[in-house]
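Order of writing sets the chain letters: A, B and C. Residues in each chain are counted from 1.
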């Protein structure tokens, strides 16, 4: 019986749990696509462009979920001896998937702004902070790719992730304070003027669930692949040990 | 024990800097040159006057990259950092000592750059704004110095350090850039920002400094150990 | 003093030490002999608390090198291939820095400099301008002023001419007589001169022979 953090011994990284999760995610996604594109009404002010909301808002949610997941997993990895490498792998997987959703958030947010006001970028706090979050996590992933033992990698990136927990709220608060100086910013919120009726709200909500399920599915698989990579390193050690000892000729 | 070690490291770093005069003969000219280049690139005196505060702090940030890299390079060159690690030197003490030395250098730079802005951009500093200016310069230098030491230590000795430090440091220093620039702008007599707001920004800087002083003191030790 | 049992230490997955065992008593002078890549440096780093064993155990001064690493490090003096000196500072300033770290007095700094023949004019020269042998001695002065109980030196004789080697040996002997335990690596046993150390051979990450076990066999 395999758990989420234990690598499987077979070649595939899927288990019953992930297959169920994946199916749920796919089904919900399909529903969101259908509902978002065809069933929900267009907005009075924004017309059809409001439909970007169904991708943008859940992506933003996932971006921050990934950030929190990486932070929590990093904290556990630093402060617990047992399975600390497993949690480090989860942190890394969550960051990789999170960066993807951060990028989606930025792109869709930018497009939405373009369609609504004609400019690609508004310095609104949420988008700006997400941009900083994106760059910070690109840096985090770069740190993870440096040479070193898994333990070194775990230690370094965990500290970086926790520093990001300190940094991002500070950045966000600075940007909020900064934009409040420029009065027009307070109305520049793409989803601020959208009136959400029942079906739109429900679709949005399903979108969040669907994306969360997809996020979990990606992270579990990525974490397992990472576990298999590390396993290959350790089993390599026994072989290397045997070879090295064979070289030694006692005098 | 911590204070003894931190003081020793602080004095050693400043002594080396004094001996080599790298800050005064190389970094300061570079920074002043950047101020000049900004003026040339923007090509509008009123614009540059308005942007003066931001330009001073942008230049400080870029120069900080150079100073931080150097601070850790001289530890790496003859394996000095390894030797310090072999002594079991306390990570917190090492962090505080190096950060303090870095802050002193940054403060010197900021003072010179502000003078540069006065001379080159026509900035005017009222005596009444002096307290605000000095406080901002102090807190801004502390903020950049603390995160610079922390992230400099994170990448020191790794193969990616030259390109990684800018990538990691810039997002983190954003609050300092925003806060210090706005407060300095007010000190330079900018109409857009009143005194209350300016001191609110100073407050933000203070929070930043406190947060990263603690974070750095706590994580520098484990950070160094991740290399062995 | 030093008690290593079946230690396995890996560098990027490769087993630099593949199960090494060695015991050193207080006051011993031990030379680790073996070809390049045998694991001598790794064994020294293990005893210095700079690396931890993934298997087996290592205790120094009765302290576990992994669990009580900072304590081990503060009592051990490790000198690798690099000297750990700051080129822009003078000899005296370098030693004074290490003295300041442990709270040693200025007199101790002068004594250490003197003991290593770095007093007088040499003390006020920037270290970057010293010869290789003089820099090595400055690094040893750092060990002396730190009052390290265990000296771990990685090929300290490398790059030194005959005079410098003799001076180094004298320094090591004097340190040993003052109570320090010394372990150093070398791959040139012919020039050990006056030292008469215990010889421990290392090959392929394991200890393969130990002269102290061959009683009466001579050096």
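One rule holds in what follows: a residue touches a chain if its C-beta (ideal position, glycine included) is under 8 Å from a C-beta of that chain, and two chains touch if they have at least 3 such contacts.
Predicted model, so just to flag it, every value in this text is computed and none were measured.
If each chain is drawn as a node and touching chains are joined, the picture has every node linked to every other. Ranked by how close its C-alpha mean sits to the mean of all protein C-alpha atoms, the top chain is B.
Of the two chain pairs considered here, B-C and A-C, the higher C-beta contact count falls to B-C.
Taking each chain's centre as the mean of its C-alpha atoms, chain A lies 32 Å from chain B. In this assembly, the C-alpha centroid of chain B lies 38 Å from the C-alpha centroid of chain C. Taking each chain's centre as the mean of its C-alpha atoms, chain A lies 48 Å from chain C.
Across the assembly, chain A contributes 147-148 as residues in contact with two or more other chains. Taken residue by residue, chain B touches two or more other chains at 225, whereas all remaining positions touch fewer.
In the complex of the two chains, the chain B residues touching chain A come out as 150, 154-155, 158-160, 164, 167-168, 170-172, 174-175, 178-179, 182, 192-193, 197, 200-201, 204, 207-208, 211-212, 215, 219, 222-223, 225-227. Remark: chain A residues 147-149, 233, 236-237, 240-241, 244-245, 247-251 touch chain C in the complex. Note for the complex: chain C touches chain B at residues 48-52, 69-74, 76-89, 93, 97-98, 100-101, 103, 126, 142, 146.
Residues 78, 132, 135-136, 138-139, 142-143, 146-148, 151-152, 155-156, 159-160, 162-163, 166-167, 170-171, 173-175, 177-178, 181 of chain A touch chain B in their complex.
Looking at the complex, you find that chain B touches chain C at residues 4-5, 7-8, 11-12, 15-16, 19-20, 74, 77-80, 82-90, 225, 228.
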